[in-house]
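Data first, discussion second: the structure below is written as structure tokens.
Chain nomenclature is as follows: A, B, C and D, assigned in order of appearance, with residue numbering initiated at 1 for each chain independently.
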Amino acid sequence: MPSHLALLSCLLVLLLSLDKFVLHYLKKRLFSGPRIPTGAPKSRRSMAAAAKWSETAMLVIDMQKDFVDPGMRSPMLVAGGEAVVPAVAEAVAVARQRGIFLVWVVREHDPSGRDVELFRRHHYSAGKGPTVKGLKGAELADGLVIKKGEYKLVKTRFSAFFATHLDSVLKTAGIKNLVIVGVQTPNCIRQTVFDAVALDYEKITVLIDATAAARPEIHLSNIRDMKNIGVETPTLEEWRR
Amino acid sequence: MPSHLALLSCLLVLLLSLDKFVLHYLKKRLFSGPRIPTGAPKSRRSMAAAAKWSETAMLVIDMQKDFVDPGMRSPMLVAGGEAVVPAVAEAVAVARQRGIFLVWVVREHDPSGRDVELFRRHHYSAGKGPTVKGLKGAELADGLVIKKGEYKLVKTRFSAFFATHLDSVLKTAGIKNLVIVGVQTPNCIRQTVFDAVALDYEKITVLIDATAAARPEIHLSNIRDMKNIGVETPTLEEWRR
Amino acid sequence: MPSHLALLSCLLVLLLSLDKFVLHYLKKRLFSGPRIPTGAPKSRRSMAAAAKWSETAMLVIDMQKDFVDPGMRSPMLVAGGEAVVPAVAEAVAVARQRGIFLVWVVREHDPSGRDVELFRRHHYSAGKGPTVKGLKGAELADGLVIKKGEYKLVKTRFSAFFATHLDSVLKTAGIKNLVIVGVQTPNCIRQTVFDAVALDYEKITVLIDATAAARPEIHLSNIRDMKNIGVETPTLEEWRR
Amino acid sequence: MPSHLALLSCLLVLLLSLDKFVLHYLKKRLFSGPRIPTGAPKSRRSMAAAAKWSETAMLVIDMQKDFVDPGMRSPMLVAGGEAVVPAVAEAVAVARQRGIFLVWVVREHDPSGRDVELFRRHHYSAGKGPTVKGLKGAELADGLVIKKGEYKLVKTRFSAFFATHLDSVLKTAGIKNLVIVGVQTPNCIRQTVFDAVALDYEKITVLIDATAAARPEIHLSNIRDMKNIGVETPTLEEWRR
């Protein structure tokens, strides 16, 4: 019995002498390590994953009719937008399954256009214009729905963080990692991503085939630039594994 | 002919000696005054006023049921709030008459309370809480209505400028002066005012009897502090003259 | 021997089943106190304190000659400022002992005054004015020195958070709690405190006798308002216990 | 006498028919134009230009040794940076000649790296790292000097507007138009430009050959994206005409 105590003491002393980096490593390794192989039901892996996803938010950006539905004939239509609606819907489904916090970022403008970027104000007159609050063009694309517990965030500029309280909502929810889907890559996606880097999010992931731009080369050159500052850019399939 | 030249010179000297404020007035008056109604000749004074009001916005802050209507039994009720509703309504009427740009600043929170200040989150549960978006407590007090052409600005913190796009809406509308009414003096009124100073608004006016706090001494000590940084604090009567 | 192994296994299983919060707690509690001086075994209480202080920053605000040294004859002199210099120095000493992250917040303005609040710009001419960068008035009060590892943060408005990167420096350092000292209570102290509330710091403490205003009643009415939004306001003696 | 009156009337009619831009020019020209050299009478065109330039600022971004001087062996070196130093110097000279307000935007970091983006913090240790305040790498490239009346703006993120007071300095100086030079196109140049659009600057010009990236295709794809949101992208030669 004394030897048991001795052993236990040794173990405790050992533990207590570990510096915080080792402990940090252990924590990552044991509780959130994506490399740990699967095993028994409610395996370590799923627990680790649950921990990780509870610190992750998915930002679904500008998936509104005026941006992705050609039928709206909006000047804001993103040529490649309609094609990624199914991928975005699929990404959202995966996020829900994983318990990821979903934030639906949308533009909603005053009918006067007085809260739009200067270079776009000419699109607003007679109470109409792209993504005016309350009009059909501001609605989410068909098939996308905000569920209970998910968050709607209204913005008026490219970046979801510009002049909004999004950072507060995310940080106080313990969010450290972001997954980004939606349109369009060179503007709202990229500006949101660069602001997220500036705001010290630890890991930022852009799903390369659940985001889109007017033309493939625009999409890809922006993906390249985001990669260059440490952003991860998997496909939806790679990410859902 | 020399006398013509003399006259011209006099005129030029006169023009050159106008200070920039007079010139500024002339510019507004002669070349950009879209709001001055044609008709009977206006007095010099009323024309100058029109120019001034076109650069002024009134911020009506937090005049929502949960803040000013005791019947709501909200923990956010401002004791002195109900008493200033008529003065706020009157100030709004004067502002409309003068063509002042009206901004209705309101809190609208998520039912989860995840976008509220930390120290108030305990008020939110089961989808209810103060000024939750869509609930009755978030509505404007009885008698106050947002009219066409006026702007509704949603905030989640004390200051109307904190993490909102209000500064952009005001600055691009040419607004340089602010008139503030609503509740409550030590928090939302004062934080909005101090941020307005930080954001370089030229003239900030708080209507001393169209704003309120829980107790008169709180109201007055805050009025004193605002005066000390250059804020004007007339009564509604003084301001409407 | 097998029983030893069994015991060890149990212990490991126990450890591995700890959820991340428990582990987080353990880490904080046992391993992250790099600032705990070696020597006699520490009590539970002092270890908890060490953990707490590693998540605390002290903001020393505007303790510059133009604000607190009457000899400078600055228009910015805070009447009650000089009297709290010793208390501020003492608070700084305690903070250093506790391993609290020290941030020295100062104003440094362009000689032109072009980065000063509008209502104060008239104080700047001929390359001179209050707390101009490089001039004596911008220096810290006699007796206050920035030591290695401490951070200097330059601001141009009342609040230390307004248009600065302070929030990022603090949040990425793991800071959740703030202790505030300096001048002056109604302006720079209070605006910093209210912004800290808006920015979701968990605990904000203003040392009531290491802060000052022009007159006691101004100081106290602002302390009252800060208390009303959950700010703690101990004396230096109460805080250092 | 009647002829005098006739003359006066003519003059008044003339004045009244001046559009607001001309009047604005007159105001600048006659009452506040410290930068216009006295001497021979100016042509109408050059006077209009003077008005325009008084509302224009040039932002010189990150032209520091660690970014553009290969001799520093900094991990932050921008491959194409050194090549544009002469063009930047030339653009600065033209700006000075035109009386354009010059803002020198630089990074200056704490030796600890605690105010750097997370993904770059590993570059900081032992009091050294890219563009640490006070070290040689933070100095402007050889040949570039800040002159009296010009403004130095310190930033800690890509965008010159992110968590800085730049917008206030520019807007209160009456600046509406920006000309951007420096490095590097996909990060600091582009983020500054997109934030300038979000902040409602009226006209933003990026000098295509006084800006640079690591590789030409990166430079050009970012120029394309900026053009797509209304940014002008002339060469230095086109701009100086």
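FYI, contacts are C-beta pairs under 8 Å (C-beta built on N, C-alpha and C of every residue); 3 or more make two chains touch, one makes a residue touch a chain.
Given the structure is predicted, the values throughout are model-derived calculations rather than measurements.
Colleague: Would you pick out the chains that touch chain C and also touch chain D?
Modeller: A chain counts here if it touches both chain C and chain D, which gives A, B.
Colleague: Suppose you list every residue number at the chain A-chain B interface; are over half of them used by both chains (same) or under half (different)?
Modeller: Same: most residue numbers at the chain A-chain B interface appear in both copies.
Colleague: Any idea whether A-D or A-C has more C-beta pairs in contact?
Modeller: Between the chain pairs A-D and A-C, A-D carries more contacts.
Colleague: How big is the rotation, 0 to 180°, that puts the C-alpha atoms of chain B on those of chain D, in steps of 5?
Modeller: The C-alpha superposition of chain B onto chain D needs 175 degrees.
Colleague: Just the number, please: Cα centre separation of chain A and chain C in whole Å.
Modeller: Chain A and chain C have C-alpha centres separated by 33 Å.
Colleague: Express in whole angstrom the distance between the two chain centres, defined as the mean CA positions of chain A and chain B.
Modeller: Chain centroid spacing, chain A to chain B, equals 36 Å.
Colleague: For chain A, give me the residues that contact two or more of the other chains.
Modeller: If we look for residues of chain A contacting two or more partner chains, we find 118, 157, 162-163, 168, 172, 200.
Colleague: Touch graph of the chains shown: is it line, ring, star, complete or other?
Modeller: Drawn as a graph, the chains make a fully connected set, so complete.
Colleague: Taking the complex as given, what residues does chain A use to touch chain B?
Modeller: So the residues of chain A touching chain B come out as 110, 112, 114-115, 118, 149, 151, 154, 156-157, 162-165, 167-169, 172-173.
Colleague: Per the contact definition, I'd like the list of chain A residues that touch chain D in the complex.
Modeller: It is residues 117-119, 157-159, 162-163, 186-187, 191, 194-195, 197-198, 200, 202, 217-218, 221-222, 224-225, 228-230 of chain A that touch chain D.
Colleague: What residues on chain B touch chain D, complex-wise?
Modeller: 3-4, 7-8, 11, 16, 19-20, 23-24, 26-27, 30-32, 168, 171-172, 199-200
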